[in-house]
Structures are given as structure tokens and as C-alpha cells.
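In the two assemblies presented below, subunit A is common to both, partnered first by subunit B and then by subunit C.
Now for the complex of A and B:
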């Protein structure tokens, strides 16, 4: 299931905006259910629960929306990086979308690079140490910057003809449910 | 866009986003937002001044041109503003301006320049974000505590500066950096 960026962008903006206006619990839950990474969801639930307990003990519960809001943004980023069909980003933004594609690809790529590193360390029987992990990641970051600059210089992204986005069933479902969730959260606040 | 400007913008964007992402991932996985407000504000710089600061400091060395630190500060500020953390956004503008000034005098590469730039960036980020963050939560820090925090953050970030210098010189010798 891949979503069209032309649909995901306004829906996520709507969700983030209403998360800033309300307490954001509903938005957090909805975005978590969309990306369905259970490990992340368990961590987020633990963090939010602990935050609620600590803040209510310190009588500063008005800061609680910050936790849910940040979690909503993290979930939104995960949705955008995992579920979006990347070429559709370029359909929306043209050549200006290239850095955005890179930003969306950051998390999965870094995770896979990190996994490879740790596997290599294990296979060679080396001990885990931060400097052995930091240096390859640094080299990788510099390479990303190098290649991005090269892509802009030789215009690797090509010429795009903007066409109307082709939407599937999941796109309509996503937009509909995000609008419903946003409206519902505003109504509950009242 | 001219070639120099393009290089400046691309490199500072990549390094700012990498640093922001690492900082967010680290503080989220350490559950600092859990202890939100009161304690988290003091602990946040301790995590922020490790790998994220290292990435920022390597970024200064990689960009190696005027305007780089300022642009990186502004981009980080924009990212933090989007994440609704106004005190960190303000802090990053201050840090960008300060490092821009110091790097105009000292340069961008070499032991002295890297350590001073990194210590300035990390120390200022730590103390300003603690002061502003505490105000944001509703506390006012007294002078002795602020002094202790300042010394601790400057010390921590100069250690990171030495690490960054060794990594940067390795990258230069191996030819990854030009």
C-alpha cells in the first residue's frame, strides 16, 4: 500500500495543525495506527504515559500536549517516509522536492546502514565501540551531501510534466479518516 | 544559483537535518520527553551535546566557508520551530551568530579553530537552552546553578571538539573531505 504525496501532504498538515490546537491524543493514536510499527508505538505509549504521570505530579499538566504533539510529528514523519510513493513527491514539488525526498529517505537508509555496520562488527568479532560506528555514518552523511550537490549540478532529477495525481482507494480512505479525526478532536475539545 | 551558494545550502541542510534527526531520535529513545518539563530541560543538553554536536562540528569543517555556521544555525532553528520548541529555535540562532563570528577570526579547520568553535557552539547551546527552557517551563535558575551548568557544558563540548578534530583530520587524510 503506497500513498500519493499530493494527498498525504495536506492530510498531515491538517493533522499537525489540529494537534497544535488540541491536546493531540486522538491525532497521535490515528497516526500511530496508520504506520503500524509496533515497536515504535510501544515506546511512544510508554513515553507519553510516563510524561503524564510526572507532569501531573509536578502540577504542570498544561505541558502535556507537547509530548503528544511531538509524537504526532514523529508518526507523521514515519508515515511520510514509509508509506509515500517517492516519485509522487517530485510530481508535487518538481525539482524543489529533491531535498525532501532525501529527508524522507534518511530514516530507513540510516537504519539499514547501522544494521549493516553492527552485522559487520559481529561477523568480524570486533567489540562495539562508538567511534567504530560514528565514522562510517559520518562518511555516509558526507557522501549524501556530495551526491545531492552533484544531482543538482547535472540536473539528474530530469524534467517533470505535472499531471493530475492518480488516486487509489487507500488515498481516499486516508484523507477521509484524517479529516474525520481532526474534526472529532476539535469537537471533543469543546 | 551560483555553485558556491548551492554547495553551502546543500551541505548545511544535510548536516542540520542529520543533527536534528539524531538529536530527536536520541532524546525520544532515552525517554527525555517522558520526564518532560522540569528534569528534561536540564538533561536535554547532555544528550544534545554528544553525537548531534559532533555532526554540527563536522559540518563546520566540511562546509569550510563564510556563512556556513549561520546558515546551519538558521536551518536548525527552523526545524526546532516547526517542532514547537521555541527555546531551542532561539538558542540555535544565537549559536549560529556566535560561531559565525568566532570562525571569521579563527577559521574552520585545525585544532584550535575546531575546538573553540565546537566549545562555543555546545556551551552556548547548553546554557542558553537551559535558561530559556526553564523560563518556558516556569522556573528561574539562580546564578550559581547557571555557572555550574555553563562550566559543565563548555567542558563537555570541548571534549567533543577534540573528538571532532581527530575525526575531521582522519576524513581529510583519507580523502573523503576535500
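Now for the complex of A and C:
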């Protein structure tokens, strides 16, 4: 299931905004069900339960909504990074969104390179220090930029054509559910 | 006809551009797609860069991981379709079941297909390829070569793969010149031009006592003093994992991509032993940054650093990736030095040239 960025952006803004105005429990549950990363959900549930127990023992339960709001924002980030059909970012931002789409494609590469650098430091028996990692990372980035320039040139030729967002069933369901959850949480609050 | 510098390609022709690493193959391809000022490329007699049309001339550079514009082939084509129309069904056919698979999860062969397919959707009449077979096993080479169009210029130094794939051959060696295709079988020519494809020989010595016993993927392995032991297997058979396991047991490992293994400013600091510097003929480079060296020199720095570490066994993960003929000779000479010094050597590889120099071979996968 991939969602259109033109739908995800306003829906997540609505969810995050109403989470800030309410106790955020419904929003947290809804966003968790959307990304369905069960390991994350178990950790979040444990954190929220622990917060509830600790805060009630210390008679600070009024702080509890902060825990659920944070989980809602984490879930919103996961939805935005994992479930968005990335080229649809261009439906919202136009050609200015191209560097963003490309940058999103590269973050796994840079994470794996960072991991490799730290492993190689260990193999060399050298102690970690940021200055040691910066130089190879910089050399790597320059090499990537050089090849990326060629790829960008030969693949993205022609004039950019902005298209109207094409929405599917999941997009409609997601936006509708976001509105329902947001309204319901406000009603319950009142 | 497409012309760049002294190279001419007719429609329907498959042309090889040979030359040692650093001879200017990549520079020439970058000039052909107007990313450098000279030499000027001409398409059917017209200056191509005056109004470049990449639906006619396109290129695939060397490293697939640095040419992707999106996470999956499907997403990349969706991005490309916002700029120009293309034959998306061709890309779907080339990627087969991996059309929607994230790039990082693909095999090396399919990573190259990913990049190739997103260029081929534009239907270029002329395709320029920079070392398309680097780090591919025979299965990967087949995956890529089956996807190639009818007209291309292929820059390579791995000659055996090219022999049946090209009609004409150019070589860069103090200028570009066309040579007879028969030269691809001439070992003296290949050796003197820094190309791959000639038989390599290593001086064998009497092996000493066992210095390492390890269990690699269920196979019991012993390494003796002075021995070169090769772990062979196709891409994804677990060779890198095996080398990583050995590195946890005190074996000094040298992985692929030397640039990610240098952390200090000069070669002298990296090696930190005047004896190792002179043994590997690096004294004249000791004040240079390791990043500015050729691939063969970088490997020598890593080997010198490994010998200086005092580790009894040194392991290499696919050391011949990106090596031209000169670097391969230099690598084998350095192996002889390590072996002479009584070290045990483990090499994970699928490169037939490297397997030739091993004392023993263990097959993985």
C-alpha cells in the first residue's frame, strides 16, 4: 500500500494538530494501525503503559498526553517515510521536490556506509572520533555527487510536467479515517 | 553516426573502449554526454552539446548505487515519466519480479539492471557504458549483457567478458586508437596496456604450520603459514559474511571499497611502519593522502597496514573489484610479499584470475 503525498501531508497535519489539542490516544492508535510495524507498536505500548503507571504514582497524570502525542508524531514520521509514494511529492512541490525525492532514496545508502565505516574502524583497531569518519564520508559524498550528476542529466531530460494527483482507494480511506479520528477525538474531549 | 574525440560509432555497432584505470575512459564518456567541455561529441555531424538530446545518446556510469533517483525501479520510472515518455514495459520486463523491490535489496546483477532499465526506457540510439561488469559474477554478467541494446560503446578493462560482445575495439594509451579485435586474445598486448585477461602466475612456497582453524558456514577451514586460501562462490553466497566472521577472530580484514577504510591524513600515518612502507614500495607516497592514489596503490597501502598490524592472517573481500591488469599484477606481487613474510592469506572472490593464484580453494554456497 502506497499513499499519495498530496493526501498524506494534510491528513498528518490534521492528525498532529488535533493530537496537540486532545489526549492523543485515538491519533496514536490510528497512526500505529496505519504503519503496522508491530515491533514499534509493542515498544510504543510499553512506553505509554510505563508512562501511565509512573505518572499516576507520582500524581502527574496531566503530563500523560505528552507521551501519546510523541508516539503520534513518531508514527506520523514512519507513515511519511515508509508509506508515501515518493514521486507523488512532486504533485505537491513540483520540480522543486526532485532533490527531496532523490535525497530520500539515498538515506539507506548513507546509513549503510556509516555502518560500514564504523565496522572498518573497529577492524583497524582505531578509536571512534567524528573527525576520522568525516573525511571518508566527504570523499564518498563527492563521488556520489559526481555520478548522480550524470544520472540526473541522462534520466531527467525534457520539460517537467506537473500532473494532477491520481488518488486511489487507500488514499480516500486514509484521508476519510484521519478526519473521522480527528473529529471523534475532539468530540470525546468536549 | 556518433563521434566523440577519435571514437566513431555507427548505428548497430558494438564498440569496446579499453584502457587501464585512470586512462580517461570515464572522462571520455562524461564528455560524450556534455558533462565536460572536450572532446566535443557529434551526432550525425551536428554538435551534440549545442542541444543535447538524451533520448538519442545516453550513458550508464560505473557504480549503480550512485545512479539511482528513487528507492525502487517503479518509483524511478514514475519520476522519469514526469519529464519524458518512455517504454515502461521494457523496464518492467528487464526487472521481472524485482520491479517494486527496493534497490538496496537487489542482487548486484539486478542493481545494474535497475540503472540500465531506467536509461533504456528513453530508447537511446547510442548507449555508453562505463565498466558495466565490475564486481559481477558470471550470472550477473549474463543478466546485464542480455539487457544491452544493439548499439553501444563499452568502456572496460575486463577483456574476457568483452570478446564475444563487441565488433570493434578502441584502446586508450597516449591517445585513442583503433586496434584489431584479435588483440583481445593477445596476452602481451593485454599485459602491456594494463588490461585483464592474461594468465597470472604466483611464486609458490613451502607452506608452514597451521596458524588458523575456523568454521566457515559449516566448513572447517585451516590456514597455514604462507598459504593463500580462496573462498569462492557467486554474489550473495556469504563470502563477505565469512570475512567479517574471521575479522572477529583477530584476522586483519581488508574489505571492498578502499576509500571507506582510510581514516588518517597520509599514507605514512595509515601504515605506521617504515618497514612495511618500504616492503610495499610506498616510501615515496608516504606524505600523500591515501584518497589521491590509484586503486592498485590504495590496495598496497591497506596490505602494508595489515602487515604492520602484526596479524598472522590477512583476509581480503573481493580484492580484484575494479582492478585493471596493472593493479592485479601489483596485488599478486604484494600477496607474494605477505606469503614470504609467513602470513596466512584468505581471499573471498569470484574472480577466476585471482583463483589461479590460490594454494587451496573452498567453495561456499
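Criterion: the second predicted complex is superposed on the first by the 124 of 190 C-alpha atoms of A that agree within 3 Å, B and C clash if a C-alpha of one lies under 4 Å from a C-alpha of the other, contacts with A are read in each partner's own complex, and residues count from 1 in each chain.
Here is the rule we use: a residue touches a chain if its C-beta (ideal position, glycine included) is under 8 Å from a C-beta of that chain, and two chains touch if they have at least 3 such contacts.
This one's a predicted model, so the numbers in the text were calculated from it and none came from an experiment.
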Q.
Between subunit B and subunit C, whom does A:136 touch in the aligned arrangement: first, second, both, or neither?
A. second
Figure out whether A:120 sits in contact with subunit B (first) or subunit C (second), or with both, or with neither. second
*asked:* One more residue to check, A:105. First (subunit B), second (subunit C), both or neither?
replied: second
Next on the checklist: On the A-aligned overlay, A:153 touches which partner chain: subunit B = first, subunit C = second, or both, or neither?
Outcome noted: both
Would you check which partner chain A:87 touches, where first means subunit B only, second means subunit C only, and both and neither mean what they say?
second
Is A:60 touching the first partner subunit B, the second partner subunit C, both, or neither of them?
-> first
Looking at the overlay, does A:51 come into contact with subunit B only (first), subunit C only (second), both, or neither? first
Comparing subunit B and subunit C in the superposed model, the one touching more of subunit A is C
Footprint intersection on subunit A (subunit B / subunit C) at 102, 106, 135, 139, 143-144, 148-149, 152-153
Residue set of subunit A touching subunit C in the complex reads 85-87, 90, 98, 101-102, 104-106, 108-109, 112-113, 116-117, 119-121, 123-126, 132-133, 135-136, 139-140, 143-144, 146-163
Touching subunit B in the complex, subunit A uses residues 20, 43, 46-48, 50-51, 54-55, 58, 60, 63-64, 66-67, 69-70, 73-74, 99, 102-103, 106-107, 110, 134-135, 138-139, 141-145, 148-149, 152-153
The answer for subunit C against subunit A in the complex is residues 30, 33-35, 52-55, 58-59, 61-63, 65-71, 75-76, 78-80, 82-84, 102-104, 115, 118-119, 122, 244, 247, 252-253, 255, 257, 259-265, 291, 305, 309
In the complex, subunit B touches subunit A at residues 3, 6-7, 10-11, 13-15, 17-18, 21, 24, 28-29, 31, 33-39, 51, 54-55, 58, 62, 82-84, 137-138, 167, 170-171, 176-177
